[in-house]
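Pasting the structures in now, so scroll down.
Next come two complexes, and both contain chain A; in the first it sits with chain B, in the second with chain C.
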Partner chain A sequence: MNYTFDFSSIAIGPLLDGLFVTIQLTLAANVIGIVAGFVLALLLMSPFAIVRVPFMLFVEFFRCTPAIIQVVWFFYCVPMLLDVFLDPLMMGILALGLNLTAFNAEAYRASIQGVPREQRDAGIALGLNPLQRIRYIILPTAFRESIPVLLTNGIGIFQQSALVAIVAIQDLMYEGKTLATATYRPIETFTVVALIYFAVSFPVSQVVGLIERRRALAAA
Partner chain B sequence: MDLDFTIVLRYYDALLIGLWTTVQLTMVCIALGCALGFVTALGRTSKNFALRAITGTYVELFRGTPVLIQLFWIFFCLPLILGVELSNFISATIALTLYMGAISSETFRASLKSVGSEQLDACIALGLPRSVQIRNIIMPQAVLRAVPTLLSNCVSLFKESALVSAVGMADLMFVGQNISNNIARPVEVLTVVAIIYFVIAFPITRAVTFVERRMLIRLAI
Partner chain C sequence: MVASSPLVKMQSLHKSYGDGAVQVLKGIDIEMKPGERLVVIGPSGGGKSTLLRVMMGLEQIDSGSITFAGQPYVSSASREKKTLIDTEVRRSIGMVFQHYTLFPHLNILQNLVLAPRKVRNEPKASAEARALSLLERFGLAAKARAYPAQLSGGQKQRVAIARALMLDPKLMLFDEVTSALDPELVSEVEHVIMQLADQDMPMMIVTHDMWFAKNIASRVIFCAGGVVVEDGPPEQVLGSPREERTREFIERVFHIKQ
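Showing the complex of A and B:
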């Protein structure tokens, strides 16, 4: 191999701008995913098939198609079908947010099912209405139980957010591609970009591992 | 606006060719990735520090970065480093195999852990060599227990394979986008492409649930 590395031509400024956009996307999508995911999980457990089935389809559709086609679909089809023209960043947030909602709903569903039956019965015995039972009994326990999976999904969406570069949102990946073409230094640029992504997601995945280990210890 | 889904039918052969590329790529990467994943999992549980460090770094790097950047890196940088031209299919295979290897190694690691330590003790007591321990005792149990998660990994890989369209490989996604750009009917074409992906991935996710419920209980492991 006779390639000389030259990291000096890589402007870190645009990359940081891109990282900022990526983080904005990730955080906004996570807010949508964490809130709407819980509501969706409750709807998925509804006793009425007419409520349950459409939302089940929604979840399965997001879980069984590539994220890239969801993003592209959103960008091309939502404006045409609904006649709404949103800012590209908003569009990206919506596409990623809905994707995350579907994945988080499954996580919440598992932990809602894990809330002991007696606690729900106690809620009924205390005369709490269904909304209060959700608010004071199910939500706190289920949320705490879901945290590791929510974090894993959240960091997954951070990585998936690189897809929006394909529809020309100027995130970290997009800035990296531009820089690689402008400087003719793809190896250096893509390596730096990959390391930036890694530097953000690795600590979070370590935190998830830590929480899981502590829980395993507490359970033992 | 008026939608006309019959227009997509005219391009069914092109879409089928794209789908065939996607399926081929996925199959090859599943086979290679599972093998790589198993070896990596053995490496991560080995006593040798260097082996653990190398496999650990590999897994964390590939799990901690977007697949898109892995693809870009291998498409643009690997040929420069190796000094040989790689075909699209080879580059995509390398990238997705490495990705599949990384996620599957975590699956195998968990299933290796679940093989009871008494069994290893029994192997030692019986004086079995390491290769026999792995091939006849550990591998069959670990692989069986890993099946449900491996199937989920296959679905992930199938979905992630759509990313190769971004580096210009003519898979289902790429063909779909091309057609939709050419006939200016994104709603119909992209929806059909999404449905094709769904039709393949959905039964596999159901199979995961089935395997978990039935097979593992029947085998009582």
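Showing the complex of A and C:
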């Protein structure tokens, strides 16, 4: 291989503009995913099948289709079906936010159901009624337990958000493609783009690792 | 209440798990007078935890009844019917479990004040003052703001006891509360239970520690195979048991200790 790298034509400015859009997408999708995911988790655990089943299908739809299809479908089909036309960035946020909602709901559900039975017993022995046990014991314990998974899902959406470039949202990936075409330097451009994604994701993934190691120590 | 009227009266308690597949309690009758300290011993799997859990109102039963201080508390006519548990009566009973069961997201002080605040609507200041004085008494004042994960097993178990006491129980249940502890931490927990005994707190204790049983019991019950095999003063049941099965068990337990 005798390729000579030349980074001189890679303008960082547009890439940082793109990163800014990507971060907006990620943060907004995470707000949706963290809040709506929690509500969805409660619905998934409803004792009534008529409530539970439609929401289970909702979750399975997102788990069993490629994210890229979800984005495209959302972008082209929803406006036509519902006759609503939102700003592209809003559409991107909704598509990613709903995807994250489905995955976070599963994380919440698993940790709510994973709260040890002893915690419920302790709550009864202390005279707390069922609602108080859910409100003051089960949900807070479960929320803490689910934090590493929420962070992992959240940073996953940061990476998945690159998919919205195909529907012309001017995120980091989109700016990267534009720059690559304009400079005829795709290798250098995508190297820089990859490094930017990495620089944001890596610290978060380290934090997740740290939390998990501390948990393992506390449990020992 | 007449002095001799029972605090607890269990009548013909039957309990099974798995839709009647496993019979665990096969007709338990126990009367407990106020101020008594009942120690329940017996082989593993004999139904001791189940008995305490039924007493705490944590389990459905097949049939039988319990009254507490003369009040109907737990009753069931048949396994198909829902067990009736009076939650008001249940609030006068406290329980400490083998595995601490502190709330991990709350600090020690918050663990103690949660129930008094929510169950009784006690003002924060008053609940915290009572909590701090209990922690002081149990040598845990310095840990008020610590989280459960930062405590040793013995400390956690003392906090669990203090937390139960916050509701001024009329009866305390202890299910093998030292079994999960390292040997050097056992005595600090037993010491706290002894303190309660000195204040005439009625209690039911399940333990494998025969030394502790001898020291704290006013009465010992040997429970095996879901029935009460022997019931009497500690000198009798632990010292010179009348039943062959009790004797075998006691010999085995003391033998293991040596």
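Everything that follows uses one rule, which is that the second predicted complex is superposed on the first by the 200 of 220 C-alpha atoms of A that agree within 3 Å, B and C clash if a C-alpha of one lies under 4 Å from a C-alpha of the other, contacts with A are read in each partner's own complex, and residues count from 1 in each chain.
Just so it is clear, a residue touches a chain if its C-beta (ideal position, glycine included) is under 8 Å from a C-beta of that chain, and two chains touch if they have at least 3 such contacts.
Keep in mind the model is a prediction, meaning the values are calculated, not measured.
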item: First, second, both or neither for A:Ala180, with chain B first and chain C second; value: first
item: Which of chain B and chain C A:Cys77 touches, first, second, both or neither; value: first
item: Partner chain(s) touched by A:Asp121 [first = chain B, second = chain C, both, neither]; value: second
item: Touching partner for A:Asp6 - first (chain B), second (chain C), both, neither; value: neither
item: Touching partner for A:Ala218 - first (chain B), second (chain C), both, neither; value: second
item: First, second, both or neither for A:Gln160, with chain B first and chain C second; value: first
item: Which of chain B and chain C A:Pro140 touches, first, second, both or neither; value: second
item: Superposition-derived comparison: chain B or chain C, residues of chain A touched; value: B
item: Residues of chain A defined as touching chain C within the complex; value: 118-119, 121-122, 124-129, 132, 136-137, 140-141, 144, 218
item: Chain C - residues contacting chain A, complex; value: 53, 56-58, 87, 90-91, 93-95, 97, 99, 101-105, 114-115, 118-119, 149, 163-164, 167
item: Chain A residues within the chain B interface of the complex; value: 1-3, 60-61, 63-70, 72-73, 76-77, 80-81, 159-163, 165-166, 173, 176-177, 180, 186-187, 190-191, 193-194, 197-198, 201-202, 205
item: Parts of chain B lying in touch with chain A, wherever the complex brings them together; value: 1, 60-61, 63-70, 72-73, 76-77, 80-83, 155, 159-163, 165-166, 173, 176-177, 180, 186-187, 190-191, 193-194, 197-198, 201-202, 205
